[in-house]
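One chain, subunit A, appears in both complexes that follow, with subunit B as partner in the first and subunit C in the second.
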Partner chain A sequence: MTNYLLHLGSLLFIYILLAQSLNLILGAGKLFSLGHVALFGIGSYVTAIGAVDYGLDQWSLIFLSGVTSSVFASVIVFTSGRLKEEYFAVATLAFHYVVQSVFINFRTVTRGVMGIPGIPSLYDTSLDMFIFIFLVSTAGLLILKLVFNSRLTLLLRGLADSEIVASSLKIDPKIVRLKAFVISGFFCGVSGSLFAYYLKYIDPSSFALSEIMLLVTIVLIGRPGSFFGTVIASFFVILLPEAIRFVEFLQNYTSILGSLRQLIYSLILFFAIYLTREKIFGRVI
Partner chain B sequence: MTQIFFNAAITASIYILCALSLTLVVRATGKFSFAIGYLVISGGYLFLAGGFFALLVGSIILGAIHYFFTLKPFHSKLLPLIATMAFGVFLESIISIYFGVDVKSLNVFSESINLFGGYITYLQLVMIFVALFISTIVLYCFHFTKWGLILRAGALSQSLGVNTEKISILTVIIGSLIAGIAGYFVGVDTNLSPTMGGFYSLKAFAVSVIGGVGSLYGCVVGGLFLSFVEQLILFISIGDFSVPSSYKDAVSFVLLLLVLLFRPDGLFQRRKRLV
Partner chain C sequence: MKVEDIVVSLGGSLILKNLSFKIDQGETVGIIGPNGSGKTTLFNVISGFIREISGTIELDGERIENYPPFIRAQKGIGRVFQSGGIFGELTVLENLIITGKKVPYDELLKAIGLLNKAKEPASVLSGGQKRLLELIRAEIFDPKVLLLDEPTAGVAPNMKQVLADRINSLKSKTRSLLIIEHDIQFISSLCDRVLVLFQGEIVMSGKPDQVRKDPYLQEIYFG
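Moving on to the complex of A and B:
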C-alpha cells in the first residue's frame, strides 16, 4: 500500500510540473499548444538515450533534457508562432505527430516501438525515488511560480487579450512568446527526464495524443492561468480515476481500465468546458 | 508507374472524404472540429458491428451529437476544438472498451485485376468511384441547390431570416455520414485501430489547409496532391539519401506545417481566407 501511494505521488509530481508548464502557455498565453506532450517525450528520450547509451549522470541529463526540449519549443514558435488560435492548435498537433513518427521510425537511436528498457535506477527504495522527484519537481515549480509573477507572464496575458494594444506599446509578440515557450519547454523536458528515470522504460505509446487531453483537462479545471488552481486540479484529475481500481465490479475487467480512465477524462473535460462555456478563460473569447 | 497512380488514387479517395467532412463542418458552423478522424474510425467499427445499416444510422446519430453537444454551445474558436477533441477521445475509449485495443480488419475479399500494367482490386475501383461520386454530388449541390446557396451565403442568410440552424444540422450530419463512409474505406484499405482517430483528423486538416480552408474544390485538389506527394516522395533520392517509406506520414505533416507557414490560404488559392 505504501508503495502504491509513493507510486501515485511520484507520478503526481511529474504531472504537476508538466501541467504547470502547459498552464503558462495555454492558461496565461491562451495558445492552445498540443505539442507539449511531444516536448515531454523529447525530454524522456534524451534522458533514456543519455543514460543507457552514454552513461551520463542524472543532473547533467536533467539539464540536457530541459535544454533540448527548449530548443524544440523554440522550433514550435518559429514555425507556428504567428498563427491564429485554431491554426496554432493544428500546427502544434502536426508537430506532435512528426515527433512521434521520429520516435517510432528512427530505430537506430530510439529503438522504435520496442522502446528503451534498462534506464539505471537512481535509488534503491521507492521512498528515496519519490523524495528525489518531489525535490526536483518542487524546485521547478518554485521557478515557474517566479515566472508566473514576473513581467513576462503579464505581457503574455496582455498579448492574449489584445495583440494590437500590446504591439502599440512596442511589445514584440514573437519575443514574448519565444521566451515563454523556452521556459515552458525547459520544464517539460525536466519532467520528461523524471518520467524516464521513474519508469526506467519508455516507448512511443507513453507520448500518445490522449496524454495531451489529460494535461488540457488539468489546466482547464484548475482555472486557466492560475498557478495554485493547476496544482490542486492535478491532485484531483490524477487521483480521481485511481478510485476505479477499487471498484469490486471492475476487478475482472483489468484490460479496459486504461480506456475507462480515458473515458472519465474526456467526460470531465467536456463538462468542465460545457458548464463554464466562454467564461472559462476569465473573459469572453 | 500505373501502380503508383493506383495507390495514390486509393489513398486520395480516403483523404478527399475526410477533408470534405471537415470542410462541410467548417462551412456550416465556422468552427474547426478535431472529431473528424474519430468519426471516421467509428464508421469503420460501426460497419464491423452491424454492416452498412449500422454505419448509416450510427453516423447520423454521431453527427447529431457532434453538432448539438460540441459545436453549437460554443461561440469562440478555441472551445469547440477542445470540446470536439474530448468527444473524439470519448468515442475512442468507447471503441476500445467494446472492441478491444488490438488491430481489427474488415476482411472483405475482392479479386484483383490487371489494368494498364498495375494491379487493383474491384473493391478499390469502387472506392475511387464512390469518392468521386460523393465529391461530385456535394460540389453540385453546393453550387446549384438552395441548400448550397444558404451555406455559401453564411451569416448573411441568417440576417435575412432564413432558418440556418436546420441547414447547419443537416450539413454536419452529411459530413458525419461522409466520414463514416471514409471509415469503411479505411477498414477495407488498411486496418482499423481505435488510436488512429487523431491521425485521420490531422490528415483532414492537412488536406483542407493545402487546398484552402473552407473550399470544397480545395478538398479534392488537396487530397489528390497530398496522396501523390506521399507516393512520389519515396522515389526521390539525393545521392545516397532517400526518404524511408515509414516517414511517409511525417512528410505530409511537415508539408502541412510548411503550407501553414508560407501559404496559409492554401497552395492553390488566390483569394483571401473564407473562415
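Moving on to the complex of A and C:
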C-alpha cells in the first residue's frame, strides 16, 4: 500500500510539472499546443539514451533533457509561431507526429518500438525515489511560479487577448512567445527526464497523442492560466481514477476498470471544455 | 511625421489614393470624413498593421514603412483604437502595467476614478471608462505621434468633456496628435488643423473654422 501511494505520488509530481508547463502556453498564452507530449518524450529519450549509452549522471541529464526540449520548443515557435489559433494546433499536432515517428523509426538511436530498458536506478527505495522526484519537481514548480508572476506572463496574456493592441504597445509577439516556449519546453524536458528515471524503461507508447488529453483536462479544469488551479486539478485528475479502484462494489469488475478510467477522463474533459469553452476558444468559435 | 504618396488597395479596391500629408512636432491635427472614407485604414498603415502599400512614412527623418507594428511603436507611434483597444481579460491595473513604465499607477487610476476597479477585469468597464483607461495608458506610453481613432464615439456628452480634457493633457510641445472624429464642433476645439478625407483622398485641409464653413464639407457629409 505504501509503495502504491509512493507510485501515485511520483507520477503525480512528474505530471504536475508537465501540466504546469502546458498551463503557461495554453492557459496564459492561449496557444493550443498539442506538442507538449512530444517535448516531454524528447526529455525522456535524452535521459534514457544519455544514461544507458553514455553513462551520464542524473543532474547533467536532467539539465540536458530540459535544454534539448527547449530547443525543440523554439523550433515550434520559429515554424508555427505566426499561425493563428486552430492552425497553430494543427502545426503542433504535426510536430507531435514527426517526433513520435522519430521515436519509432530512428532505431539506431531510439531502439524503435522495443524501447530503451535498463535506465539505471537512482535510489534503492521507492521512498527515496519519490523524495527525489518531489524535490526536483517542486524546484521546477517554484521557478514556474516566478515565471507566472513575471512580466513575461503578463505580456503573454496581453498577446492572447489582443495581438494588435499588444504590438502597438511595442510588445514583440515572437520574442514573448519564444521565451515562453523555451521556459515551458525546459520543464517538459525535466519532467520527461524524471519520468525516464522513474520507469527505468521507456518506449514510444508512453508518448502517444492521447496523453495530451490528460494534460489539457488538467489545465482546463484548473482554470486556464491559474498556477494553483493547475496544481489542484493535477491531484484531482490523476488521483480520481485511482480512487475508483477502491470503491467496493467495483472490485468484482476489475476487467472493466481500464476502460472505466478512459470513460471518466473523457467525461471530465468534456465538461471541462464545455465550461471553459469561451475562455479558451472565444476567439475561434 | 511625413506621409507621402500612400496607395493602398484592400480586397481588390483602392482604399487610399496617393495620400500625402505632414504633421509637425507639437501639432494637433484632426481628420474628418464620412464612414468608409479610409480614416482607420490610414491609421493602420501608419501603425504598421497594413504593410502592403506603396509610398513612404517618415518619422524624425527615418523611414519606417517597412517596420512591423511593435518596432514602429518603439520608434514612438502610439495608438488609441476605434474599438477593442483595451485588454478585456487583464485587470484595469494590468492594462497600465503592461506598458512597462515606472509611474504611480494608483494615482493615475484615481485621477480617472477607476482606482476601486483596479483589480477587476477591464471587460467590466463601461464604454466611456474604457476610453478613459485607454487614454491614460496612451499618456503613460508617451508616444511622439499619437493616433486617436474616434476617441469619443458613443459616449454621453458629459463624458465627452472629460475625454476632451484628457486629450488636451496629452498635448505637448514634443508630441503630435492625429485625431479622427466625426464631431466637427468637438474637433475644432482641439485641433490646430483639419484634414478632410473623402473616398481615400485628402480633399480639403485648413484651420478648423475655415473647413467648417466650407460648403463642400456639407456636401460630402450630408450628400
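Assume the second predicted complex is superposed on the first by the 262 of 285 C-alpha atoms of A that agree within 3 Å, B and C clash if a C-alpha of one lies under 4 Å from a C-alpha of the other, contacts with A are read in each partner's own complex, and residues count from 1 in each chain.
The working rule: a contact is a pair of C-beta atoms (placed from the backbone, for glycine too) under 8 Å apart; a residue touches a chain by one contact, two chains touch by 3 or more.
Just so it is clear, the model here is predicted, and its values are computed rather than measured.
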{"item": "Overlay on subunit A: subunit C relative to subunit B, clash or fit", "value": "fit"}
{"item": "Subunit C, subunit A and subunit B - angle at the middle CA centre, rounded to the nearest 10 degrees", "value": "80"}
{"item": "Contacts of A:Thr230 with subunit B and subunit C, given as first, second, both or neither", "value": "neither"}
{"item": "Partner chain in contact with A:Val98 - subunit B first, subunit C second, else both or neither", "value": "first"}
{"item": "Which of subunit B and subunit C A:Phe32 touches, first, second, both or neither", "value": "first"}
{"item": "First (subunit B), second (subunit C), both or neither touched by A:Tyr274", "value": "first"}
{"item": "Subunit B versus subunit C as contact partner of A:Ser137, first or second or both or neither", "value": "neither"}
{"item": "Partner chain(s) touched by A:Ser70 [first = subunit B, second = subunit C, both, neither]", "value": "neither"}
{"item": "Chain touching more of subunit A, residue-wise (subunit B, subunit C)", "value": "B"}
{"item": "First (subunit B), second (subunit C), both or neither touched by A:Gln262", "value": "first"}
{"item": "After superposition on chain A, the shortest CA separation from subunit B to subunit C (Å)", "value": "9"}
{"item": "Residue ranges of subunit A in contact with subunit C within the complex", "value": "151, 154-155, 157-158, 160-162, 164-173"}
{"item": "Residues of subunit B defined as touching subunit A within the complex", "value": "32, 69-70, 73-79, 81-83, 85-87, 89-90, 92-94, 96-97, 100-101, 195, 198-199, 201-202, 205-206, 209, 244, 246-247, 249-250, 253-254, 256-257, 260-261, 264"}
{"item": "Parts of subunit C lying in touch with subunit A, wherever the complex brings them together", "value": "47, 49, 68-71, 73-74, 77-79, 81, 84-90, 94, 97-100, 137, 141"}
{"item": "Residues on subunit A engaged by subunit B in the complex (per definition of touch)", "value": "30, 32, 79-80, 83-87, 89-91, 93-95, 97-98, 101-102, 104-105, 208-210, 213, 216, 220, 255-256, 259-260, 262-263, 265-267, 269-270, 273-274, 277-278, 280-281, 284-285"}
